[in-house]
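So, here come the structures, one by one.
Shared chain: subunit A. Partners: subunit B in the first complex, subunit C in the second.
On to the complex of A and B.
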């Protein structure tokens, strides 16, 4: 059993390890290690296309994580007072959003957005009061942020709600009993109590967006995120530069995940 | 002169809080059923009863966490049914303390003062916190975190957090349930002392009769959402109105039977085997009714021989040494097993009884109480 488990882990992680290893390759072959070097990192970081894609990824991840955290937390709070069938329906929808394969979400989002734009753009033209050309909605930053934000919101809801479930209800009563208004109680008790969950949700939402290739591939329009850039470069062959980018993305994601876990753990201990 | 200027609700003898026909229903479940109660200014009152008897519901209606389904809650003469908890001059010590884990001890205690508008000056808050810590004998503990405090210390912090607001009522919801026995005893004495020195009206909810009897001025015994009897601990012990109360307050032996004679100050009950037990009836009881005779273990004596009324032949089953007293479990062939508490003095005369010994259990005329069975 342990050998079997070991084999599974090796199968999962060796390819990732190889990517990280070959990112330090001195030569330019992806299959032959020719000595240690960090030159490919330098090359990747000075490549304007890479830096452009990195910037796009970073701003999309930040914006969608902020939106997802804000609306996800609000939804989690609101769902506290929803019960019965409605609650069940919401729970099901949230878990479906997390479990549906990325490709389905990607295609569905693309079709939905294109259809929506097809409806809205003629209306925009019709009601535009100025002489200049009416703005047209199209795929790009906005659609990326919206799609990532929407699906990361489900993650945030789940994490914040788990945190709220672990919170002692009598703390809220105690706060009210001591004279705090409902808003005062929210600000002084509820928010500090669920804050680790909110922060962890933010980090996971950020990672979700930063890592995502499939949804971005469909809805990015003319924008290129880092994973999309990596995918398009790979068609010209795997170079150590790609390995270096992949390793950096991996490092950022791992750091975020570890930070999120640490925050949740510490918050759990304090509560 | 001055009393004319004050509204009548602020005079000394007006109740500080009242429940008037207060009921609370949760769907078909009746948690509180027409509670009528008037709470005196500065008293220590306990709600005593088993879980689910409505004592916590009564407390939560006073705090404002539950609105009565019907009836009224009055605080200082004002109807407060719709007043939310944060606008009631009432504070609560929660069962598991409900201290804010993200705040320090001092911040927890200052919480109530910081909610006031206009907000008191920081220096004033700090002084009040220090005074409160002094009062609960935790001076210097202000900067500590909550999880660094022991259970007993957390309880004191919860107390300080409540009394700093000088509430009209201090509500205590089973505050000692999480403490070990020794600590609980100390805390009971401390609470009682504190209540006297502060002059705040304390309302305690507990299922621990010893706690209720030892601390309170008055005890309110509850059952199935109703108040069964209310009075001083001594009155409840000496003159319980029903078998339920006698059973809940102190230990007692009960012998069921039928009432065979009712005279002035003397009611007679025929128990199993035709044994006649006579005694007083705190609540009037009709001839022929089924009832119970209640005899406290300390009211029964054990003898080797003797005769006369109020005597039952028994066999000693078990003996528990309690220090100043010895508790014997004895059995009468007709009436079954019951407890007898024998003092050291009495034992010195009669000697110790061993399990298996034959003895005579006797009690003085009028010691028994004849009580209705509800």
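On to the complex of A and C.
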């Protein structure tokens, strides 16, 4: 039994380990390790396309995670005091957002936005009052943030609600009985209790957006995110540089996950 | 009370608007477009026709591959995951359990792109095949085969299968197992008559999650199948980004969602039949 478990763990981690190992390979060859070197990291970090894609991924992940955490937490709080049809509708929307495959979300967003922009852009040209050319709507940062944020927001709502379900209600009543204002109760009782959930939600939202390939593939427009860049360079051939980029991408999500897990665990103990 | 209502609405408004604009409307657009026609230069022209649905057979290969490989992949995931979940829930020491569980879930939250890339590396000509060759075991072609796609699937979705089964086994009342053994049943019989039936809700949840995610998979067949093993997801990418046939592509997407809905409905019926089988599983 133990040996079996060990084998499965090896299966899960050896491929990742090999990528990380060969990212430090001095040679070009995929099969032999020819000595330790960080040259591929240097090469990746001085490649303007990589840095550009990295910067896009980072800004999109930050923006969508911040917006998703803000609006998701607000919705989770409000849903506590909502019942009936509105509640059912929100539950359904959250599940649809999580369950519909990314590829369908991607194409749906693509054709909806392109069609919408097709209607709006001529109107913009017609009503633009200045001599300079009218701005044209197109896919890019905005559509990436909106599409990533949608899934991330559903994720945040689920995590924050799970956190609230484990919360001690009597504390809120006690606070109100002792004469605290609703805002005071929220700030001093509710918020500290659900904060680990909010923070973990933010980190997972960031990780999702940073790692997502399939939605970005459809809605990135002229922008390139890091996963989209990696995908197209793999198509051109496997190079040690991709190992270095891949290792860095894995490292970023690992750090986020460890942080999220630590926060949730500590929250459990404190509560 | 009025103020309370107003605040609730204000708090729900941004999330509601976001769901409406980026989820509900785009899905309606796909549904509407699936009855339309392809424009002369690609894209979409309004129409009302069922031709797209009647023509779904043109992409039968993609549907067939998906409907064969997704269940096989789900089954292999289940067979690999069950013993591990069993070990974690019933045989591992409580001190290490949380850590071991986290180690299973972590890969699921890291980039599936990079993890599939790792298998290109391993299964490619200079990886495992050259190793086998050096051992005198021939030089089999591994990459760009259904086998490679299945390896990628198991690698990618194993955590999603382990977790619900673990939760079901962990909640199982251990006294039932003691009772069974006190009454003289050998361990294998206790397993077949007590443990296995009680873990079925977790098995069903895991299978459903893996299966519906596999139905929409694009990346693993694209990277490890090398264009030879074609899923519905690959057909969709082709239809929307290469041939730009939005109307037909929308019909394929609607068909995909319908197949998924049927799966979820079957799952709900199945779990409702198991008494006490209601099982909320979160992935974190």
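Convention: the second predicted complex is superposed on the first by the 251 of 271 C-alpha atoms of A that agree within 3 Å, B and C clash if a C-alpha of one lies under 4 Å from a C-alpha of the other, contacts with A are read in each partner's own complex, and residues count from 1 in each chain.
The criterion applied here is as follows: contacts are C-beta pairs under 8 Å (C-beta built on N, C-alpha and C of every residue); 3 or more make two chains touch, one makes a residue touch a chain.
Keep in mind it's a predicted model, so treat the numbers as computed, not measured.
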Task: Simultaneous placement of subunit C and subunit B on subunit A, clash or fit - done: fit
Open item on the list: Tell me which partner touches more residues of subunit A in the superposed arrangement, subunit B or subunit C.
Closed with: C
Open item on the list: Per the contact definition in the header, classify A:16: touching subunit B only (first), subunit C only (second), both, or neither.
Closed with: second
Open item on the list: If we overlay the two complexes on their shared chain A, which of subunit B and subunit C does A:135 touch? Say first, second, both or neither.
Closed with: neither
TODO: In the overlay, answer first, second, both or neither for which of subunit B and subunit C A:175 touches.
DONE: first
Task: First (subunit B), second (subunit C), both or neither touched by A:27 - done: neither
TODO: Mind working out whether A:107 is in touch with subunit B, subunit C, both or neither, as first, second, both or neither?
DONE: second
TODO: Considering only touches as defined above, state whether A:184 meets subunit B (first), subunit C (second), both or neither.
DONE: first
TODO: Could you say whether A:162 touches subunit B, subunit C, both of them, or neither, answering first, second, both or neither?
DONE: second
Task: Following superposition on chain A: angle at subunit A, subunit B versus subunit C, Cα, nearest 10° - done: 90
Task: subunit B versus subunit C as contact partner of A:192, first or second or both or neither - done: first
TODO: Just the number, please: smallest Cα separation between subunit B and subunit C in the overlaid arrangement, in Å.
DONE: 11
Open item on the list: Please output the residues of subunit A touching subunit B within their complex, sorted ascending.
Closed with: 168, 170-171, 173-182, 184-185, 188-189, 192-193, 270-271
Task: subunit A-facing residues of subunit C, complex - done: 4, 7-9, 11-12, 14-16, 18-19, 21-27, 29-30, 33, 44, 80, 83-84, 86-88, 91-92, 98, 100, 102-104, 106-107, 109-115, 117-122, 124, 126-127, 130, 155, 158-159, 212-213, 215-219, 223, 233, 236-237, 240-241, 246, 249-250, 253, 256-257, 260, 264, 282, 284
Open item on the list: Quick check on the complex: what are the subunit B residues that touch subunit A?
Closed with: 63-65, 84-87, 90-92, 94-96, 98-102, 111-112, 115-116, 147, 161-162, 165
Task: In the complex with subunit C, residue positions of subunit A that touch it - done: 1-2, 4-5, 8-9, 11-13, 15-16, 18-19, 22, 29-31, 70-72, 74-75, 77-79, 81-82, 86, 90, 93, 96-97, 99-105, 107-113, 115, 146-147, 149-150, 153, 157-159, 162, 200, 204, 207, 211, 213-214, 217-218, 227, 230-231, 234, 238, 242-243, 246, 249-250, 253-254, 257, 260-261, 264-265
